[in-house]
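When the chains are written out, they are named A, B, C, D, E, F, G, H, I and J in that same order, and each has its own residue count from 1.
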Amino acid sequence: MLFHVRMDVNIPRDLPASEAAEIIAKEKAYSQALQESGKWRHIWRIAGQYANYSLFDVKDNAELHELLTGLPLFRFMKIEVTPLLRHPSSIRTDDT
Amino acid sequence: MLFHVRMDVNIPRDLPASEAAEIIAKEKAYSQALQESGKWRHIWRIAGQYANYSLFDVKDNAELHELLTGLPLFRFMKIEVTPLLRHPSSIRTDDT
Amino acid sequence: MLFHVRMDVNIPRDLPASEAAEIIAKEKAYSQALQESGKWRHIWRIAGQYANYSLFDVKDNAELHELLTGLPLFRFMKIEVTPLLRHPSSIRTDDT
Amino acid sequence: MLFHVRMDVNIPRDLPASEAAEIIAKEKAYSQALQESGKWRHIWRIAGQYANYSLFDVKDNAELHELLTGLPLFRFMKIEVTPLLRHPSSIRTDDT
Amino acid sequence: MLFHVRMDVNIPRDLPASEAAEIIAKEKAYSQALQESGKWRHIWRIAGQYANYSLFDVKDNAELHELLTGLPLFRFMKIEVTPLLRHPSSIRTDDT
Amino acid sequence: MLFHVRMDVNIPRDLPASEAAEIIAKEKAYSQALQESGKWRHIWRIAGQYANYSLFDVKDNAELHELLTGLPLFRFMKIEVTPLLRHPSSIRTDDT
Amino acid sequence: MLFHVRMDVNIPRDLPASEAAEIIAKEKAYSQALQESGKWRHIWRIAGQYANYSLFDVKDNAELHELLTGLPLFRFMKIEVTPLLRHPSSIRTDDT
Amino acid sequence: MLFHVRMDVNIPRDLPASEAAEIIAKEKAYSQALQESGKWRHIWRIAGQYANYSLFDVKDNAELHELLTGLPLFRFMKIEVTPLLRHPSSIRTDDT
Amino acid sequence: MLFHVRMDVNIPRDLPASEAAEIIAKEKAYSQALQESGKWRHIWRIAGQYANYSLFDVKDNAELHELLTGLPLFRFMKIEVTPLLRHPSSIRTDDT
Amino acid sequence: MLFHVRMDVNIPRDLPASEAAEIIAKEKAYSQALQESGKWRHIWRIAGQYANYSLFDVKDNAELHELLTGLPLFRFMKIEVTPLLRHPSSIRTDDT
């Protein structure tokens, strides 16, 4: 089941640089593991923003919530979720 | 080059049903031809809305504009465009 | 899987009264059949508004979309969908 | 009498972790006691958000206010209240 | 139980003047009867607007909804409802 | 002359509790003195909010401003003012 | 007593040109008579808009409302009113 | 050339009181000197707000910017600028 | 003097095609004449929108207003004006 | 390829003045180098704001993102990007 997610990141200025770097590294590993698993289908950077549009393919709302709240940067993010489905004009067989 | 596009469709009530059906059929053919060409990479329906999130892969802004204003439903759409780029955490080799 | 839905209804003034009455009667029957089936768990009127908050329990996003776009009043509605999940403090066993 | 309530929680970063944990534990106990009493009919987590949609069944506006301002997390919440009533299409006998 | 209500009126231009006048006369009678009954405690005009702020004192949400949807001008109004209660600093004995 | 005022209070977390309590006590006394004088006609709590709707009856805009900026909590408030007048449907003789 | 007023004019396309011209002429005469009387102190056009910022000097809210609702273009206007007072830094003796 | 300016002031709580008082005194002197020169034609307090509506008469956009960024309180202000011109219905000979 | 202008065009569906074509042709000639004169320095299409960002270089606010309200499409446009000036980091000698 | 960019700058009060001055000096050099290269075609100050409208001419979205996130003031900026293209009425040969 597909979900469109927008994530806006805002790391507070007073977070020590080393701590920020560590969280960002964990975030990257976390994201790439989920991409490898197929659950995080796409991630694109939005030009000029510390933000991304992503596409998740999960079992249900609960799994989506678990993945998003597990993001190492979650507490510094504003997140918007939109449920998607196959578009009747899509030519893709995997609904995406 | 990738662009994120949201399209909201609002067909006026006084458009004759046959005319509406014809435009919608043209829209589908137009969309599928662009999907086949690779320029319209993805199209997803937004749950509960007559709207979609789409991903375009075009040469430049001008080509994107030409494709969007060529949509048979263009005059009944509200369109929002967001320029995208490869996310540094993406594992995809085709930037998507 | 649970979804929170807000529906705002706006029936155009120039819709003939008999046609409006017929659509509203169909809407009621449609809603009650879905409530009986358990897919439309709750519907509450919002005080002072021609609007409701509803709770759907469906298999996936696609089923939700099918149910919503099948509403006899769909073309006169503004709809907002929010995916929900079991709250960790909930005492209910059916996640609702 | 039914009320729809949205609660968005935002715990400040500088709140000591132990203090936060204590407040969250109290919040859970407080919520579950009210659920047991029937006054807090439903609570659902919103996917991807530290937020919930809830349904309260209270005697009057004053009781609702007393319950909400008594929330251990109240000072870290943004709260929106919407008064509800039985929908004419509802099939439930307890107005919900 | 007290509710704060804002009503914005927008009578369509194509409503025949005689029909508009009749509805407005009915609205005034309806409002004054409810004021006499004590259920519509206050009504104030907002300067420069075809709008009012009102205060209702009703048994519950359902009665408020019944009174508001019964307004002769209801279909030409945008209505916002806010539930109120006695303020701890109020010196009034009737909670208003 | 009547004015509708909405006040939203937001006391900063780092204000010492004793200082906050003192300001709140002064606020209550200030409000009640103005209510006694007839200048602050009504004050109602908004359910679920640290906010109120109030009605002032003052000589002119300048007096309203003086009263509002004199509020002990003024520096922690967001205030919105709307000028009111007698509604043509009102049955009250004192314009309220 | 001073009020700041913003007026946005939107004359419907289907209003006959002669009728529009007549209303606009009446509006000008109405405005200039009130300017002569001193009640409409200032009127400025907003660049690029069919809109103005105005300053009224009236006895009270009721008089302001009477003047604004008497505008020949009133039914085609969106109006916003802000109550003003003498600024403590003003060097003018007439409070403006 | 005339400009309409809205200024909202928000002095941070942690600014020492003596420093705030000094800046406010400078602001008043700065404003009054510009009023004397005719460049700052009007300043009015907005009722209930730490804000003002002002009218500037300057040579060009650059001069307006210079005057506004020179305000002692500039770094604590939110400023909105609207370019104005003589209204065709104005009876004033000095375009104001 | 420089102004940034955003124009959003919305031609009503019931405008006869020949009339629309005539207005659009006049708009183009009008725009190009002003571009030749140097008063309309730039015009760019916004991707996916029937809208443009433009830059005007005019004597004053009044001239800008005259040029904008003279647009053949003016009555079908929503226009936003922002006054600009030379940026201190600009390397251009003509302030642009 | 052209992009319209709005940048709003907000330097935190607690940034040491010398550090701020150093960043601002770097920002100016960075901007002027990009202007010299032709990639940052225009930069204009918005009157009364610590903000600018800019025009970039870059190879693609990725280059735009690289230039913007490389801004010395980037972490203190709010940035909005709009993709542009040649307007059909433009008389310029370089698409601008």
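What we mean here is this: a contact is a pair of C-beta atoms (placed from the backbone, for glycine too) under 8 Å apart; a residue touches a chain by one contact, two chains touch by 3 or more.
No experiment lies behind these values; they were computed from the predicted model shown.
A.B. asks: Where are there more C-beta contacts: H-J or H-I?
C.D. replies: H-I
A.B. asks: Measuring from the mean C-alpha position of subunit G to the mean C-alpha position of subunit J, what distance in angstrom results?
C.D. replies: Using C-alpha averages as centres, the distance is 40 Å.
A.B. asks: Between subunit E and subunit F, what distance separates the C-alpha centroids? Give it in angstrom.
C.D. replies: Distance between chain centres, rounded to whole Å: 22 Å.
A.B. asks: Let me have the rounded angstrom distance from the C-alpha centre of subunit D over to the C-alpha centre of subunit E, please.
C.D. replies: The separation of the two C-alpha centroids amounts to 29 Å.
A.B. asks: Considering subunit G alone, which of its residues make contact with at least two other chains?
C.D. replies: Each of 2-3, 45, 47, 61, 64-65, 81, 83-86 in subunit G touches at least two other chains.
A.B. asks: Following the definition at the start, I'd like every touching pair of chains, please.
C.D. replies: Here the touching chain pairs work out to A-B, A-C, A-D, A-J, B-C, B-I, B-J, C-D, C-E, D-E, D-F, E-F, E-G, F-G, F-H, G-H, G-I, H-I, H-J, I-J.
A.B. asks: If we count contacts the way the header does, which residues on subunit E are in touch with subunit F in the complex?
C.D. replies: Result: residues 2, 4, 27-28, 31-32, 35-36, 42-47, 52-53, 55, 82-92, 96 of subunit E touch subunit F.
A.B. asks: Note which residues of subunit J are touching subunit A in the complex, please.
C.D. replies: 3, 5, 12, 61-62, 64-65, 68-69, 75, 79-81
A.B. asks: Inside the complex, what are the residues of subunit I that reach subunit B?
C.D. replies: It comes out as residues 13, 45, 47-50.
A.B. asks: Of all residues in subunit A, which touch subunit C in the complex?
C.D. replies: Interface residues on the subunit A side: 1-3, 60-62, 64-65, 81, 83-86.
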